[in-house]
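In the two complexes below, chain A is the common chain; its partner is chain B in one and chain C in the other.
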Partner chain A sequence: MQILIYGTINSVALALYSLGFAMVYGVSRLPNFAHGALYVVSGFITWTLLNSLGLNYAVSIILAMIATGIIGALIYQFVLIRVRGMEISEIMASYAIGLAILEGLRWGGFKGMTYTLPAFIEGSTEIAGVPVDYQRLLVVGIGAAVVALLWLFTHYTRIGLALRGMAQDERAAMMLGIDSDLMAVAAMGFGSMLAALAAILLLPLGNIVVEAGYNVLILAIAVCIVGGLGSWMGAVIAAFLIGFAQILTVVYLGAHYQMVVALLAIILTLILKPSGLFGRQKELEERV
Partner chain B sequence: MTKNLEKHRKERLDRGIKVRSDSLYALMSWRELSYLVLPRLVLIVGMLILPLVMPSMYWQRVISNVCIYALLALSFDFLAHFVGLVSLGGAFFIGTGGYIAAILNTSFGLPPLLTIPLATVFGAFFCTILLLPCLPLRGVYFAIVTLMYPLLLTRVIEALDILGGTDGVLGVESFLNRWMEQYVIIMMVLLFLFGVRRLVIKDIGLVFRAVKDNDQAVRASGISITYYKTIAVFIASSMGCLGGAYLVHLYMWAGLSMFALDFSILPIAATVIGGSGTLVGPVLGAFILVPISELLRAFGTLRIVFYALILLAFIIFRSEGILVYSQRKYHQFEKWVKV
Partner chain C sequence: MIFLFAVLLILPGKIALAETPIIIGSPLSTAFLYGWDAERAIKLAVAQINASGGVNVGGEKRPFKVEVIDTRDLEPGVPVSEALLAVEKLILDKKADFIVGGPVRSEAALAAMPLLSKYKKVSILTTGVLTPKYHALVAEQYDKFKYCFRIHGEAKNLVGEMFANFTELKEKYGFNNLFIIAQDVSHARGAAKVMKAVAEKKGWNVTGVEIYPTGATDFSMGLLKAKNTQSEIINIWMDMPESAILLKQWYEMKIPALPFGSTLAAAEQPGFWEATEGKGEYTLCNVVNAGNAPSEATPWTMKFYDAYTKMWDVEPEGLGTSSSYMAVYVLRDAIERAGSLDSDKVVAELEKTDVMGVYGRLRFDPKSHQVIPATDPKEGAVGSIIQWQDKKRVVVYPKSIATGSILLPPWMKK
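Up next is the complex of A and B:
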């Protein structure tokens, strides 16, 4: 029972980490290696708004999400757009941005135990004899809501449909009058906002640390690769696979192995089925 | 002001001496000969006298580090721009080579001059075998796998507590004296630099470049792509493992920090800054970047920010790199002409 509950929570957390990454990659074929950095940045923005400026928690959350979205859009508009289509440069440029942000934060003194966000609702409850705090339940609830909203957004709004069109066939989308650069900027903005949302939901469970940026990046990559790069539904299912696998290894082998699971998942997927579980459409391109 | 009003473009013409020294006529005069030989001689002699002019032990250490990064950058450049495999796994090569050398030295008591070549060969075998399954993949996948391996090995070593666990392997023998310590690695950099330069213009180099440019055409010619990629990865990882084995003997210690991301990122930055696809450029880039990062050591982690930003600026604004730029200045006239 414990495994089931904590596995679900962990899986939803993984899905939240990776949705932003999957979105950016799906729309503009850009592996956004700055994703982890955006995650951490949004945590610190919320913290600053909350503690230094003394704003209301809800207001600072919304402001932080918008700010992170704008940062992501700016990064795309001014840096990544220039190297678009050059795979090596894309990876290196986005990784350099992420590295600069994370190490800049570390240098700026944002480290240690002092940075924590308060939980939305304090306290805990018991489900089938397993104690679970409200924040974790909230993570599951909001995570499910986000996935559902994202599905509605991409199927019933103009921007969402345009994004999906870009993801399926960029040239055809351009012929239908979709501004591909603008949509890519929008995707990066939304992706960053999703990273921010994940940060705000999950950071109250622990401290805000710079190292989280690297781990989130690895986990997001793991989920997206297992699910198939560019496939959003695949990412959600892969999040559950990896999430439960992690909890199972933690219970039966020890906490050390949690990261090993994610890394092994990446490597095994790439070796056995590089297009991932649900990335069928691109299978032919990827193998030589 | 007039330049702004009328459209101009830059016209480039080869210098006469470059045209003459392209062919056999270069042998006709000392001037042409020296035009050809001078840049290479500056590099070789410069690297050989470097240890002699360094003021202190500390800066000699820096030169050794520079050479390790130069080897890694060379291996990255060779794989990325001549075979088309983007490897982010410098740390993987360094760590593998380093641990093998350390174990050979501490457990079997072999001297450094024996462990380094052994670690180079066995490390390269190990890396190649681990990377073999993902060689048929294109695009970002190879990059991601190579980035993940060092992280995975770190966690595995940590979790299983093998190979000394988090403490690392202590008590590795050092070199006999510091002149040997310096010249071993400098000679190796020169050897690999000119070796790889020669390799890529041979027949096998032609196949490598064909694999990069159009793998389907290579396959249509009845040549196995994976076979050639395997050879290329073996060559590249042997350079990295050599660097790792040397590093272990330099610091007399092998540990988890050898899988650190520095070894993956700095060589790439060096390649971008020096000039990608030139093979000399990455070495040059390492000679610029590593001392800068030493000078910035006082700033702590801010230096990582600095070189991430430098890297970014070069990728976006000067993607050709220093070497290509200076090569152009050396070989060509430039002038503005009216359109």
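Up next is the complex of A and C:
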């Protein structure tokens, strides 16, 4: 039972880490290596609004999500748009921005282990004899809701449909009057907001530290590669595969190998099915 | 005429200020607790010494000057070579006369030893590095590594100190089951191995050992293993920031085992209580030396504590604070006795060090250059184990300086 409960929690956390990355790549084919930095920066924005400006927690969260979305959109509009289509340059530019954000935070004094966000609901309960805290249960609930809302958004709203159109075939979408750059900016903004949402849900479990940015990026990349770059649903399924594999590894092999699971998943996917479970990139080459 | 008068008036002061400073090179992982606490403590000692006239080198008063380079060796994924570059840059570029502080990570400090020999630079380790291999290497190859000293406690002392407490808990509450959680880094892995061996030798039932990779963010399975095996103590060796998650999870899951850490960086900081909203209460933590938490170990302890708090607007935080501070004073004394900056002469004088410092009587073992530990500050360097109790870091060990005793969380009381 403990494997089921904590496997689910771990999987939902991985899905939350990676949904923003998957969305940006899915729409604009842009590997946003600043994703982890946006995750961390949103945590610090929330902390600052809450503790330094004394704003209400809910207001701080909303403002932090909006601010992170704007930062993401600005990164695209002023930097990444210039290198769009040049894959190596995109990776280098976005990684450099991420690095600048993270090291800038450290340089600005955001270091140490005392930056924390309060849990939404304090306390814990037992499910079939397994203790679990309410915040983690909330993560599962909100995570599931986010996936459902994302599906509804991309299937029933004009912007969502435009984003899907871009993800499916950019040229065809452009022929139908969809502004490619505008959609890429929107995707980057939404993707950044998803990173912020993940941060706001998951950071109350521990503390806000700059190093988390690097870990989140690695995990998001692992999930997206296994699920198939650009596939949102693939990312969710891959999150569950890796999430449960990690928990099973901890239980049966030892926690020591936990991080190996994500990296091994990347290697195996790239060897056996480079396009991932649901990715369409290189799919044709694989068939041929 | 007026110009000449002005020059004559200013000149003596200028000459005094122009004395060549003695450069202390400090390779520290400054973005981390064990780096910045050491940097602040070194700067405090240097400020105090310079304010009192500087260092008397063969009749000439010279000030100390600190040059700090970030080694980044506590950051995950940063190779040891970065720390070595920092040490070499301090020696060659910054012209450091002495090295005080780090590198902070054991792996990096061990790798830096041949470099210090090559340049014949006296180094006093003050923070982070706990591996017993460091002073063992000095003892084994004295001629090569005689320039290396360590002024803070090492893993074997820490293990001994913790077992003194485990024994007390065994006698008082009948505890016998120990679960070990460690971070996947050299000193922590080594310490976990030693803890397991010693515990089994002493009749403890070691219910499990979990090694977590640096950066792990979920400890639920390890904690549940501890719970399911009826462990009464969780011994934690973890200096990564995510250790705060472990302690919060421990509280949320109400695991009936006392968290007892060493190099448990998150719990060392005075801000830990607020950061965990009190969820870290009852956490025990070895802060290596007295002075890193408030106590009356020696008359100097609280003077240092208060001076540090006044200068940096925060209490001494991590395990490298009091030792980094004392290293500068010990170095000054050795230089003054040697009357020279010559490395071999300073080594000879450091070996004769015998001073009552912030955390007790400070002497180096002449063969291994490891500070001599004790449980009584009159005899040697004393450690400190603290427990978080009602918003405060209460020293519970050694008894000679304790300000309280170990308490159990309500869910562990029978």
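Everything below uses one rule, namely that the second predicted complex is superposed on the first by the 281 of 288 C-alpha atoms of A that agree within 3 Å, B and C clash if a C-alpha of one lies under 4 Å from a C-alpha of the other, contacts with A are read in each partner's own complex, and residues count from 1 in each chain.
One rule holds in what follows: a residue touches a chain if its C-beta (ideal position, glycine included) is under 8 Å from a C-beta of that chain, and two chains touch if they have at least 3 such contacts.
Please read all numbers here as calculations on a predicted model, not as lab measurements.
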item: First (chain B), second (chain C), both or neither touched by A:Arg158; value: neither
item: First (chain B), second (chain C), both or neither touched by A:Val83; value: first
item: First (chain B), second (chain C), both or neither touched by A:Arg171; value: neither
item: Partner chain in contact with A:Val130 - chain B first, chain C second, else both or neither; value: second
item: Touched partner set for A:Ile247, first chain B, second chain C, both or neither; value: second
item: Touching partner for A:Ile97 - first (chain B), second (chain C), both, neither; value: first
item: Chain B versus chain C as contact partner of A:Arg106, first or second or both or neither; value: both
item: Which of chain B and chain C A:Met259 touches, first, second, both or neither; value: both
item: Interface residues of chain A shared between complexes with chain B and chain C; value: 106, 254, 256, 259
item: Residues of chain A touching chain C in the complex; value: 2, 6, 9-10, 13, 106, 111-116, 118, 123-124, 130-133, 135, 202, 205-207, 209-212, 214-215, 247, 250-251, 254-256, 258-259
item: Chain C to chain A touching residues, read off their complex; value: 31-33, 36, 75-77, 184, 210-213, 215-222, 224, 227, 240-245, 248-249, 252-255, 265-266, 269, 271-272, 274-277
item: Residue numbers on chain B that touch chain A, as the complex places them; value: 80, 86, 88, 133-134, 136-141, 143-145, 148-149, 151-152, 155-156, 158-159, 215-216, 219, 225-226, 265, 268, 272, 299-302, 304-305, 308-309, 311-312, 315-316, 319
item: Touch list for chain A against partner chain B, complex; value: 31, 79, 82-83, 87-89, 91-93, 95-97, 99-100, 103-104, 106-107, 218, 221, 225, 254, 256-257, 259-260, 263-264, 266-267, 270-271, 274, 285-288
